[in-house]
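What follows is a set of structures for review.
Same chain, two partners: chain A is paired with chain B first, then with chain C.
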Partner chain A sequence: MGDLAALIVQQSLNGVYLGCLYVMVALGLTLIYGVLNQINFAHADFVTVGAFTAFFAATRLATKVLGVPDTAAYLLSIVAAFGMGALLGLAVNAAVFAPLRERGDELRPLIATIGVSVLLENAQLALFGPIPYQFDSPFARETIRIGRIFFTGQSVLVVGVSALAIGALYAFLRFTFLGKALRAVAQDRETAGLMGINPGLLIGLTIVIASALAGMAGAMLGPVIVLSPFAGASVIVKAFAIVIIGGFGNLQGTIIAGIFVGVIEAFTVQYLGSGLIDLVVFVLLLAMLVVRPTGLIAERKEENV
Partner chain B sequence: MKFKMGWTAPLALAGAMTLAMSSFAQERVVRIGVAMPISGPGSYFGVMDKEGMELALEQLKGGVNGTKLEVHYEDSACSPLQATNAVKRMLDQFKPHIVIGEECSDASLAIAPILNEAKVVQLNVGSVTMKLTESGYKYTFRIFPNAEQQSLPLAKVAYGVLKARTAVVLHEKTNAGNDNAEGFKKPFEAMGGKVLATIDFGRDVNDFTAIATRIASLGKVDVLPTFALEGQQVRLSQALAQAKVVKGGGGNAVQMGSIWLPYGFDQKAGQAADGYVRIVQFDPTEKRKIVQDFVKAFQAKYGADKTPTHINAHAYDSILLIAEAVRRGAKDSESIRDQFSKFKDVEVTTGRITFDPKGQTSDLSVVHFVETQKDLSWKGMSWQ
Partner chain C sequence: MRRAAWLLGAAALIGALPWLITTPYWRGILVLCAMNVLLALALNLVIGYTGQLNLGQSAFFAIGAYASTILIKSYGWNFWLASFAAVLGAGFLGLALAAFAVRLRGHYLAIASLGFAVITYQVLVNWERVTEGVRGIYGIAPPVRDTVALFYLVAAIALIVYFVLDNLVRSPVGDTLRAIREDEISAAALGVNSALWKAFAFGVGAAIAGLAGCFYPGFVGTLVPDAFNIVESFTMMAMVIVGGMGTMVGPVIGAVVLTFLPELLRGFGELRLMIYGIALTLVVLFMPGGMVQAWTALRARWR
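Moving on, here comes the complex of A and B:
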C-alpha cells in the first residue's frame, strides 16, 4: 500500500472510530427527541455518570473486590454503566420529568433538564472532586498493526459495542411489541393512548433506554476523555450537531451523521489543522440547516426512532 | 475615701495594656484575595492551590509579626469573564491588599488591568503568557516562568543537546499555548532547526489518534515540544506511542514538555512517557531543605501517598512570599509592592525569588531538565 493510500485508510479508520464514539453519545439524545420532541440538556451528565460508574466498577469493585482480571473488569464495567444510566433515568423521570409532563407544560421539562444537568454536575464535583481521574482500559493498551495501519483494542471494542447497541435498538424498535408501541407514541401520543398504549409508561421507558445508552457511552468514552465531573461537556456539543445534521430524532440519520462527522474531523486534522475542527463541523451544520433543514435523512415521523 | 493601690493594680494595668496591644496587633491585617478556578475543567488548579496555601497559613499560624493574613477565595473558573467579576467583587467587598491569581493566562490577563487600576498587587503563580509582565503593569508580579523562560531552554536543548533538526510543535489553542509554541519556534528556527508543523487544538479535543497519524505522515521528526494541560498530554502521549512516533511506542521522536506538566504525569501516561524530556521548576526529589520540609509537611497533612505538584508548591510559595514582605514591614498594597521589588534571592520551594523591573521572576537556577525512565521515574539531566 502506498503512503497516501495507507494514510487515507488510517485516517478513515480513525474517523469511523471517533464517529462511533459520537454516535454512542448521540443515540440517546436522538431517541428522546424522536419520541418526546424534547432536548435533554442533562444528557452530557448522564454520560459522565456512566464514565465514573465504569471507572469505579472496573478499578475498584471488579479488580480489587471481586478479583476479576482487567479485561473482564472493563467489560463488566460497561454493563454496570449501562445499568446505572438506566437507574438514573428511571429516578430522574419519576422525580422530575414525569410530574412536569403531567402538568401539560412543554417548557418546564426542558428547563428541568438544565436543572438536572447542573445538579448532576455539582453532585459529581462534590463526590469525586475536580482532579481528573486516570481511567485506562486494558483494550487501549493493545495496539493492533496490519501492515502500516494501526488501531487499538479499544477502538475495535467501541466500534463493536456501538454496532451492537445500534442493532439491538433497531431490533427492539422494529420487532418487539414495546418498540412498536413506542414508535406509535412518537407518531401520535393521543391516538396511541386511544389504542390502549400507556404513553406515560413508554415515555418513561424511552428516557430509561436513552439514559442507559448514555451510561454505556460514558463507559466507552471514559478511557478516551479526561475523566472529571465536566467530561461529558466536551463531546455533547458535537453530539447535538450530529443529531441536527442527521435529522432531528432520526436514528439512521444520527448514525450516518456521526460517522460522517468523525471522518470529516480526521481529515480536517490531516489536511487543514486540528484547530479548525469545530469551524469545519459547524460550517457543515449551518450548511445543512440552510440547504437541507430536515437533516441528512428527511424527518418523517413514522420513520423516526 | 482613700484609693489604695496594692500590687494588683500595676499588674491589672499591665494586663490591660497587653490586652490593648494585642487587640491592636490583631487589628493589623493583610488581606489576601485569591482568584482561582474552583469550578469548571480547570478546578483541579483551585483544589491544589488551596492545599498549598492552607498548609502555608497553618505553618505561619495565620500571621506574621502580629499581622494576621486573612485570605478570601473567589471562584474565577479559568474564565476571563468570571475572573473579572470575581476580582471586582473582591475589590468592592473584601478590599484586598494583594490578589493571588489566576492560574489560566487568559483569566490572568483579564484581571491584571483591573488590579493595576485599583493599585492592588497581583501575584501570579501559574500563567505563562508573555503579555502579563510585558504590558507595563506596575502592580503585577509573577513567580511562574514565562513562555520565553520555559520555551527557550527547550529549544536550546532540542537543538544543542538532542541534536534535533526537525520539530512538530503541539499546543492548546490558548494564550499560554500560543506563547509557548512561539517561544520554541523562533529560537529553534534561528538556530537552524525546521518546524515541520505547528498543531494546535482546543481543550475539548479528546481523541488524538488523527493528530498522531498526521505526525507519523510528516516523515522524520526529532522532537515534539508539547504545551497542554496534563489530561490532554496523557492522551496525546499515548496516541503518539500507538502511532510509533515517540520513544515510548518504539519510535524515534522525543516528546518535550514544559513546567505546566505536574508531577505524576508519567505514571498516568504509562509506558508512552518513556523518554519524555521536560523542564521542571518544582522537583519533589530536590535536596534543598525547604523542598524536603515542604514535601514532608504536605504528606503529613494530606496523606503519605500524595506527592505535591508544582501547583501546590507555587501556591504555598505565594503565601510565604507575602509573609516575607510583611516580615519586612509591608502592611498594605503599596508597601507589599515595594518589598516585592526589593526581594533578592528569597528562597522558596520553587526557587530563589528576585523580580525583574517588570515583575517577572528572574532567577531560574532551580529550573532543570528531567528525562522519564523506563520505570517511569525521573532522571535529572545537567543540560541548560
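Moving on, here comes the complex of A and C:
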C-alpha cells in the first residue's frame, strides 16, 4: 500500500470515529425535531454534564469506592452518563417542553432552552471551575495495528457503542409498540391522540431518549475534547450542521451526515489545520443549502423518525 | 401628539440619566445599554415584524466593529467615514444572508444564520493578518471625549433609529412585513414580493447592528473575536423575546432589563448567571408575549 493510500485510509477511519461521536450528539437533536418540531439548545450542556458525570463516575466512584479495574470503570461511567442524561431529559421536558407544547410556536421553547443552557453551564462552572479536567480513557492506551493503519481501543469502543445505540434505537422504533406509537406521534400528533396514544407521554419519552444519548455521547467525548463546562458548545454547532445536512428530523440522514462531517474534519486537520474545521464545515453547509435547501438527504415529511 | 410626547419624554430621560447615575462604572453600563437597545431594535425588525428566525445577528455586530476599527487603525480613515462604510458593509452582508432566507424556512434558516455567525467568528479568529486573530486589537480610542458624551451619542442614535423604525412599521411597508410573517404564501398571492422585502428587513437589520458595532470598540478599547461569539446572538434574541417581539417598546425594555439584570446580580457572585438563566426561562414560560404583553394584560385586569 502506498503512502497516500495508507494516509487516506487512516484519515477516513479517524473520520468515522469522530463522525460516530457527532452522530451520538446529533441523533438526539434530530429525534426531538422529528417528533416535536423543536430545537433543544441545552442539548450541548447535556453532553457536558454527561462528560463530567462519566469523569467522576470513572475516576472517583468506580475505581476508588467500588474498586473495579479502570476499563470496567470507564464502561460503567458510560452507563452512568446515559442515566444522568435521561434524568436531565425528564427535567427539561417537565420544565420547558411540556408547559410550552400547547402554545405551538417554534421560538419560545428555543429561548427557554437557551435559559436552561445558561443555567447548566454556569452551575457546572460554579461546581467544577473553568480549568479543564484531564479525562483519560484506559482504552485510549491500547493501540491496534493492521498493516500500516493504526487505531486506538477507544475508537473501536466508540464505534461499537455507537453502532449498538443506533441498532437499539432502530429496533425500538421499528418493532416495539412504544416505538411505533412514537412514530405515529411524529407523523400526526392529533390523529395519534385520537387512536388512544398519549402524545405527551411519548414526547416526554423522546426527550428522555435524546438526552440519554447526549449524556452517553459526553462520556465518550470526555477523553477527546477539552473537558470544561464549555465543552459541549464546541461540539453542538457541528451537531447542528450535521442535523441540517442530514435533513432535520431524518435519522438515516443524520447518521450519514455525521460520518460525512467526521471524515471532512479528519481531512481538514490533515491538510488545512485544525483551526479551520468549523469554517470548512459551515461553508460546506451554506454551500449545500444553496443547492439543496432541505438538506443533502431530503426531508421526508411523511415518515421522518 | 402622544407619540411626540413620548419621544420628548424619552429624550429628556436620556438627557437626565448621566446626572442621575454618576459612577463611571454604571455610566459605562448605560452606554452598553444604549448599544443593546440598537441591537434589539435591529433584530426585532427581522424576527418580530418579518418573522424570520435569525440567529446570526452577532455577525453583523462584529462586522460593524471590525470593519470600522480596521479602516481607522490601518487606513487612517476618520471615525464617521469608517462607520459609514462599516454600516454599508454590514448591510450588504445582511443581503447575503437574506439570499438564504428567501429559500429557507423556520429552523433551517435559524441554523443557516447560526452558521453565518460561526463563519464570521472563525474568519475573525483565523484571518490574523487583518484582524490580529485571538490576540486582538488594542488601544482603540473612543470617537468622543468621555463616557457621558458616548452615551449621549449612542442613545441619540438609538432614539432616531427607534423613531424611524416606528414610522416604518406603521407604514404600508410594515403591513407588508407583517403579512410575510403571518403567511408568506397568502402575502405572495396578494402581490407581495416576499424575497425583496425579506432582503430589505435583513439588510436594514444588519446595517443597524453594524452601526451599534461601530461604537463598541471605542467603548471597550480592545477588540477580540470572543466578544462576537454566537452566544451574543442568543442574548440579542433573549432581549427581543423578554421585552415582547413584534412591538416597538418591547425590545427596548428587554434590552434595558437584560443589560442591568446581570449587573444588579453581581452581588450573587458565581450564582449570577445561573439566576439569569432561570429568570430567562421563567419569563418565557410565564410571559409568553414578553413583558409588554404581560403589562397590557395586567392593566386590562385592573380596569
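The rule is short, and it goes like this: the second predicted complex is superposed on the first by the 296 of 305 C-alpha atoms of A that agree within 3 Å, B and C clash if a C-alpha of one lies under 4 Å from a C-alpha of the other, contacts with A are read in each partner's own complex, and residues count from 1 in each chain.
Quick note on the criterion: a residue touches a chain if its C-beta (ideal position, glycine included) is under 8 Å from a C-beta of that chain, and two chains touch if they have at least 3 such contacts.
Bear in mind that the values here come from a model prediction, so they are computed numbers and not experimental data.
Should the pairing of chain B and chain C on chain A count as a clash or a fit in the superposition?
The answer is clash.
Look at A:285 in the shared chain and tell me whether it touches chain B only, chain C only, both, or neither; answer first, second, both or neither.
A:285 contacts chain C only, not chain B.
Pick one for A:70: touches chain B only (first), chain C only (second), both, or neither.
Touch partners of A:70: none, neither chain B nor chain C.
Using the superposition on chain A described above, determine whether A:125 touches chain B (first), chain C (second), both, or neither.
So A:125 meets both chain B and chain C here.
Examine A:95 and indicate which partner it touches, taking first as chain B and second as chain C; both and neither are also allowed.
Touch status of A:95: second partner only.
Once chain A of both complexes is superposed, is A:140 in touch with chain B (first), chain C (second), both, or neither?
A:140 contacts chain B only, not chain C.
Look at A:10 in the shared chain and tell me whether it touches chain B only, chain C only, both, or neither; answer first, second, both or neither.
first
Answer with first, second, both or neither: which of chain B and chain C does A:21 touch in the superposed model?
first
Would you sort A:33 into first (chain B), second (chain C), both or neither based on which partner it touches?
In the superposition, A:33 contacts chain C only.
So in the superposed three-chain picture, is A:188 touching just chain B, just chain C, both, or none of them (first/second/both/neither)?
In the superposition, A:188 contacts neither chain B nor chain C.
For the combined three-chain arrangement, which segment of chain C clashes with chain B: 131-139, 149-157, 275-283 or 293-301?
The overlap with chain B comes from chain C residues 131-139.
On chain A, which stretch or stretches are contacted by chain B in one complex as well as by chain C in the other?
Common to the two interfaces on chain A: residues 125, 237, 275, 278.
State the interface residues of chain A toward chain C in the complex, per the touch definition above.
On the chain A side, the touching residues are 33, 37, 39, 41, 95-96, 99-100, 103, 106-108, 110-112, 114-123, 125-126, 237, 240-241, 243-244, 248, 275-276, 278-279, 282-283, 285-286, 289-290, 293-295.
Which bits of chain C are touching chain A when the two form their complex?
So the residues of chain C in touch with chain A come to 47, 53, 99-100, 103-104, 106-108, 110-112, 114-116, 118-119, 122-123, 125-126, 230, 234, 237-238, 241, 245, 270-274, 276-282, 284-285, 288.
In the complex formed with chain A, which residues of chain B make contact?
38-41, 43-44, 46-48, 173, 199-207, 209-211, 213-214, 217, 229-232, 234-235, 238, 242-244, 249, 268, 270
Under the stated contact criterion, what part of chain A meets chain B in this complex?
3, 7, 10-11, 14-15, 17-18, 21, 125, 129-132, 134, 136, 140-141, 143, 150, 152, 155, 221, 224-226, 228, 230, 233-235, 237, 265-266, 269-270, 273-275, 277-278
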